[in-house]
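Several structures are given next for inspection.
Both of the next two complexes hold chain A, though its partner changes from chain B to chain C.
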Partner chain A sequence: MKKITTNLDNFQYFYPYTVNIVGAQSGEQINYMACAWHSALSFDPPLFGVLISKKRLTHQIISQAREFTVNFIGFDQVKLSAQMGRISGHDKDKIKECQVELAPAKIIRSPILAQAYVCLENRLIDVRPYGDHDLFVGEVLAVHEDEGCFDLNGALDAAKIQPLLYLGSDLYITIAPESLKHVLPD
Partner chain B sequence: MQKIEKIQTKDNAIQLLNTALEHEWAVSFEYIIHAYSTPKAKLFYYDPILKTTMDARAQTIQIGIDEMYHSLQLGIIIKQLGGTPSFKSDELFRFPKVIDNFYRDKKTEDLVTHLYQTAEFEDGVFPKIQNMILNISYDEVRHAEQFTAMICSMKNEGSEDTLCFPSYPDASNREDVQILHQIMRLENELLHRYLKYVIDFSEHQDLCQRLYKNSINHMRHWDKNAGILIKLGDVIQIENAEKDVNGVEKSTNPMPSFYPGEDRISALETLIPTENDLILLYEKLIPKISNKDITEQLNRHLALKREHLFTQEWLLKNAKKIKGLT
Partner chain C sequence: MKKITTNLDNFQYFYPYTVNIVGAQSGEQINYMACAWHSALSFDPPLFGVLISKKRLTHQIISQAREFTVNFIGFDQVKLSAQMGRISGHDKDKIKECQVELAPAKIIRSPILAQAYVCLENRLIDVRPYGDHDLFVGEVLAVHEDEGCFDLNGALDAAKIQPLLYLGSDLYITIAPESLKHVLPD
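On to the complex of A and B.
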């Protein structure tokens, strides 16, 4: 029997979700944050969305820069995710504090994270408010991926990459490659 | 540019019109970038059509505006045919020498004239579209003659080595310049975004005209800000451009290719945060500028943005009050 509750404090805990580090550069100001609420939104045009609280410095910087990068990091970068998620850019320079290694993007001005196995360069095309978060929608202009991190079918090579997954409440996990199954509908 | 020579079906027509729209949309932007990079009141030429001496910079802006009107005509017809207007943009270039930009602009005009004039319409099929295409093509013929006259005049007067305004050598360290670039980018984005919605809602003339008015306001401010940038020692930037060893800038992504908001409510919703972001940028920039004339100009821009925001918020609220409005 399922437990039913109307206390919705943890309604969103249907995790795990992959974690990415999202951010941008506006003028001299650079800030990134860990983000678990995100999704691809469209194949054509290629669109990607991230949800960011209005309180976050990243919100302000992406709004000004009109662009952002989305950087997927591996399980070995778990500490970085925790730091980028909990430290506020309003208080500290997270890039220096967390020794984030930045690399130039191909098309946009905002840098990508050198530690990431996949990075998306996005031009901001829309911002929509949803409660206490805003949905930032980016048109994907370029994708950077570590050599060999995807197999010939375009699937993440689970033997090479351990994606970082967030379970909520500062808990992280990764995938078990031995659980991989290729399943067809019939 | 893809050639569509035989127009027999509605799909052929939409394909031709969309190829043309993508082109017109991109060049209207490219010409204006070229004009804003050209010294003002320095390069005059005798215009063979207007039969008078013109400032090449000013006339290039005028040609860019003609291309915007073409985009509107094409987009509206595509919608009427049941198609989806495409806003993908071509590559955009800026050369260090003014004359090389005019060469490119002339070549672009010839290319699109060929597209329009080689489209063969089956007899009696889409006569109004055929007429529109022919009419546009002769605007392009005029533009080509005007660019040719600009080039000839520069050569005859020995001004073929005239350079575009250079970019500020230390622009990234000047916060005022950086914010103004952000403002320019948003002004341009909003100008085009409003134009896209003018196409989307062309059947609703009063909404369409309101949106068009805002688009023109953003265009005017984009224009004024281009001049302010020059006063601050910089020049309009091309979004996502790379510069080669010869100083030629090229961008494959100079403008958004997708504008959100397919229906009235979602289109109006998406404009409000963007107008708000623009207001915040003006509010951030104005205290950083010491020149009184510039701050007065910027304050006028800011005031009009507030009017836009007020109007857009009420357009949205009013649209939400009415059941069945799409």
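On to the complex of A and C.
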């Protein structure tokens, strides 16, 4: 028997979601934030979407830069995620204060995060408002991956990487590598 | 040093993603599919998005029904996910063949999945094409949750529920409850 509620003040039933650090450079301004609301949108062409509140400095900078990088971090970077998620670039220079290490991208101007195990370079192709967030849609132009973290099909090696997952309410968790299963329909 | 690739034939670097079973009823037709591409879109109003290929029967049925349910399942339901993900409703009656147990929703006509630990009832408010998938946007009207699986803030109890995570390439995994951490920015 399930409990039914129509009060959605605590709308976080859908977690755990992996955390990435998303941001861009516009002119001399650089800002990044932690993002748990994201999804792949299309295989062909490869499109990736991130949800960003209009209040965030990252919203303004990606809108100006017309590009962004998406940087997935490991469970050991949980403190970075908490800082990049809860502090706004309007208030502090997070790149300096959080000791974010930047590295050049290959195709776009905005840097990637050196601490991430995989980084996506994106050209902004659409911004669409949904309630209190906007969906930023990127065409993925290049991927930077730590050597040996993915197999030849691009599947994460669960024995090597502990991805950072957000559970809501400032709670974080990671995967249990020994639970891995390969399952086909029949 | 990271390996850089611009060949995105294997576009699955962003996993693990939680799996849900999404679908609807239109007239007498009911169909559901496994979906790993999804995200919350907005807190206020509560909006939730799922990506569905135009080829899927679920695409057609949700488009007609103008509503859908999103049903998150546990790691013990991995076989159901593989079947509901890899088989199309165009080819088989998945509800019968996969032993899906349906239960009535509270507000909409489309049923929820009894096997899920949490189910969202959604009214369809937007469909938008992104490459080879369409984004279906739902306004969340009600939530059905298994008793004791979420705390009062709606955060999943990691000691009670093992959510099903998809890693790509027919690989599945779940969380490590003992890794749970509560982390604040400072």
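Here is the rule we go by: the second predicted complex is superposed on the first by the 183 of 186 C-alpha atoms of A that agree within 3 Å, B and C clash if a C-alpha of one lies under 4 Å from a C-alpha of the other, contacts with A are read in each partner's own complex, and residues count from 1 in each chain.
The working rule: contacts are C-beta pairs under 8 Å (C-beta built on N, C-alpha and C of every residue); 3 or more make two chains touch, one makes a residue touch a chain.
These numbers come from a predicted model, not from an experiment.
Q: Could you look at A:47 and tell me whether it touches chain B, chain C, both or neither (first, second, both, neither)?
A: both
Q: Considering only the touch criterion stated at the top, classify A:141 as touching first (chain B), second (chain C), both, or neither.
A: both
Q: Quick check for you: in the superposed arrangement, does A:64 touch first (chain B), second (chain C), both or neither?
A: first
Q: By residue count, is chain A touched more by chain B or by chain C?
A: After superposing on chain A, more of chain A is contacted by C.
Q: Check the residue A:173 against both partner chains and state whether it touches chain B (first), chain C (second), both, or neither.
A: second
Q: Based on the superposed arrangement, let me know which partner A:108 touches: chain B (first), chain C (second), both, or neither?
A: first
Q: Which chain A residues lie in the overlap of the chain B contact set and the chain C contact set?
A: 45, 47, 107, 126, 128, 137, 141
Q: What does chain C use to touch chain A in their complex?
A: By the definition above, chain C touches chain A via 1-6, 8, 10-18, 20, 37-49, 51, 70, 72, 75, 78-79, 81-83, 85-87, 103, 106-107, 112, 118-120, 126, 128, 130-133, 135, 137, 140-147, 150-156, 158, 162-163, 165, 167-177, 179-186.
Q: Taking the touch rule as given, give the residues of chain A at its contact with chain B in the complex, in rising order.
A: Contacts found on chain A: 26-28, 45, 47, 63-66, 107-108, 123, 125-129, 134, 137, 139, 141.
Q: Inside the complex, what are the residues of chain B that reach chain A?
A: 172-173, 175, 178-179, 182, 185-186, 189, 240, 252-253, 256-261, 269-270, 273-274, 277, 280-281
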